[in-house]
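Only one structure is covered here, and it is reproduced in the block below.
Residue numbering begins at 1 within each chain, and the chains themselves are lettered A, B and C in the order written.
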Amino acid sequence: MPAMLEVNNVGKTFILHHQGGVHLRVLEGVDLVVEKGEAVVLSGPSGSGKSTLLRILFGNYRPTSGSVLVRHAGELVDIVAAAPRTVLEVRRRSLGWVSQFLRVIPRVTTLDLVTDPMLARGIDRGVARRRACAMLECVGLPERLWSLAPQTFSGGEQQRVNIARSFVDPPPILLLDEPTASLDAVNRDIVVDLVGEARAKGATVVGIFHDEAVRERVASRIVDVTGFTPQKAAS
Amino acid sequence: MTGVATMPADTGSLLEARLVSRRYGHHIGCEDVSFTLWPGEVLGIVGESGSGKSTLLRCLAGLDRPTAGTVAFRTGDCMTDIFAIPEQERRALMRTAWGIVHQNPRDGLRMSVSAGGNVAERLVDGGERHYGRIRAAASEWLTRVEIDRARMDEPPSRFSGGMQQRLQIARVLVSGPRLVFMDEPTGGLDVSVQARLLDLLRALVRDLGLAAVIVTHDLAVARLLTDRLIVMKSGRVVETGLTDQVLDDPQHAYTQLLTSAVLAA
Amino acid sequence: MTGQIPSGDAMPTVNYAYLDEQTKRMIRRALLKAVAVPGYQVPFGSREMPLARGWGTGGIQVTASIIGPDDKLKVIDQGSDDTTNAVSIRRFFARVANVETTEATGEATIIQTRHRVPEHPLTAGQILVYQVPQPEPLRKLEPSELETRKMHAWAEYGLMHVRLYEDIARFGHVATTYSYPVLVNGRHVMSPSPIPKFDNPKMGQSPALQLFGAGREKRIYAIPPWTEVKSLDFEDRPFEVQRWDEPCALCGAADSYLDEVIIDDAGGHMFVCSDSHYCEERRKAGHAGAMLATSTGGKLAASNGGDR
């Protein structure tokens, strides 16, 4: 199986200039290869650097050292060294980020929110719209809400919008940042099913799940991040 | 962190700033700013008041000549140094190839000319001489920026601040520019009006494949609209990168200060 | 032309045609430049004249600079030879330049005008001098002089069409009826001074030389003979001149510019030629409009033509 993600000797130290210039060493010597079709779940206690590593994989945090190769358009691209526009292109086509938070421009309707990621990938507007509708139905969001902006929705409804938006057109690599953290049982099951569906279509998954049961259902491999935690890490 | 000076020249770039400086006597407006903008990209310039954001924008948009450095814009197959060409040609580019949305609508609109006439101007500048077509295009663009057609023949002095900003956008976009400069486009607007404008800008940028350079001190606006950020302090660039990188993992002391004020909440 | 006019008993001596020779030379240089670049506004050092700025000082200075004892001068104000302004200026030049004056368009060598082009076709050798209050056609839309100069320099004239657009959008048609902007020689947009747009077509390919003087704004411009003058318009809204439903009530002319004249307290009105000389000539030649049949009309006609 080809490697979809290849992390080589990645380290991350935060320098907090406004807190006495303290150096916060969070990760050291991270080596990790994720092959196509795998579902890797990062584990470790709070503060062990799971979230930091996941963000580095997405190109959101910039590692202090090392490289992160991501398979994009058939090639491995180092998103640490790549030009910003290359990173954006990798994210648009190959690398998806799913969190529990819906962070969007106010006033955009639910249907547009779910359609947008597909339009950005150049999918025809009509096709995108049909798939968006199907997805919203799948997550069980009442149709009367589709033409409204989700800011006024209940917490559960907003989560469904977020799930729909994230899984409507899953890219080859999915990074999941505790997407089930605050979901009720029904929504949690929907997410687990959708991850399964995405994997069945060939998606590769790396994620963080606090829920023991969900972790067991999703993971094909569990990676303990404490192995990458520096000995004298600040607590 | 991506070093701006080492950014490779790309054959498809739209705008290239190289070591752009603008001094007012001994006072530094902006100094040694370099970056490359590609078609369809939205670049944010952030920093506090007086950090040189607007000075830089004026240089990039051809309004003020830099005291040093070059600003090159793609015209056809080659990059044109916009301050090396005659003012006449630069003005022609400013009317067609790019547009400027000013912070104060009075700087970007003709307040005594109707909303439709404001939109019509860039069309007739471009040589259009058919009233019916001009009228139709103006009407269509006003609708696109959510201004009621019934108000087409009213002067913008009767419009609200949000409508005036949207009219500026219509006036600029009607001529199909490839690049739009915006100076604090949501400054002075209510939060709900801001949201509407942001939504509109986001959709226009996506649908038209526009590139944009947006000056703002509002990091929330920057996060929602921009792909990349340049952080400025005292006229200099202190940090650049993808917007989420700069805001979530700021490296420079100044950026950390800037983001902590917002994200700590 | 340097000779001084004979001074009367109490009259102080003034130079021929009022202006000193240096000033006339300066204005002639400006005129030459204006003729060389048709439609271009040439700045000049406008002098104080013995009447207030805004009363035709630009036109008077141009006339003073080109007039000689052999000239025959006609002065009209809105087409009329006998309004106060026209009479005063005519008398002024008769006195300071010792020239013959006339009301006959065909006889005059120099015609100074405010707001009209005579109906009688001009001929080669004649000079029409316009009094111009505001020479800058872009001024209403662009207040900055620096900016309007750049716009002229680079022929950035989109704004003129914005002005026409505004008219059509607001009134359904181009409501500008005077000072209607023209493009001269395919290059410079020019204000024709506030003549009615009815007269615009007469400016193009005219055998006469047309000079424009704006005293307050200190600008001179010109249209040399046989120059193309195009009134600005849209492809789908071509330029049109005013039309009237009825001919001149006095002379019956259907091809001239008509003024509306109120004739009684009951709202009665008639349309008569604005060009008083043209109207008079037609009546002399036996043409008669509807009004001449009635007694009121007869009286009006008599007073109109009878001040000589």
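As a working rule, a residue touches a chain if its C-beta (ideal position, glycine included) is under 8 Å from a C-beta of that chain, and two chains touch if they have at least 3 such contacts.
The structure displayed is predicted, hence computed values, not measured ones.
Peer 1: Going by the stated contact rule, which chains contact chain A and chain B alike?
Peer 2: Chains in contact with chain A as well as chain B: not a single one.
Peer 1: Quick one: which chain's Cα centre is the longest way from chain B's?
Peer 2: C
Peer 1: What chain is most central when centres are computed from CA atoms?
Peer 2: Closest chain centre to the overall C-alpha centroid: B.
Peer 1: When the C-alpha atoms of chain A and chain B are each averaged to a single point, how far apart are the two points in Å?
Peer 2: Roughly 31 Å, centre to centre.
Peer 1: Centroid from C-alpha atoms only, then distance chain B to chain C, rounded to Å. What do you get?
Peer 2: 48
Peer 1: Centroid from C-alpha atoms only, then distance chain A to chain C, rounded to Å. What do you get?
Peer 2: Centre-to-centre distance between chain A and chain C: 78 Å.
Peer 1: Counting only residues that touch at least two other chains, what does the list for chain A look like?
Peer 2: Not one residue of chain A touches more than one other chain, so the list is empty.
Peer 1: Which bits of chain A are touching chain B when the two form their complex?
Peer 2: Those residues of chain A that touch chain B are 14-18, 55, 59-62, 83-85, 87-88, 105-108, 116, 119-120.
Peer 1: In their shared complex, at which residues does chain B touch chain A?
Peer 2: Residues in contact with chain A: 1-2, 7-8, 38, 41, 192, 195-196, 198-199, 202, 206, 224, 227-228, 240-242, 244-245, 248-249, 251-253, 256-257, 260.
Peer 1: Where on chain B does chain C make contact in their complex?
Peer 2: Touch residues, chain B against chain C: 87-88, 91, 95, 110, 112-114, 116-117, 120-122, 124-126, 129-132, 134-135, 152-153.
Peer 1: Quick one: in the complex, what on chain C touches chain B?
Peer 2: My answer: residues 141, 150, 153-154, 156, 158-159, 161-162, 165-166, 168-170, 234-237.
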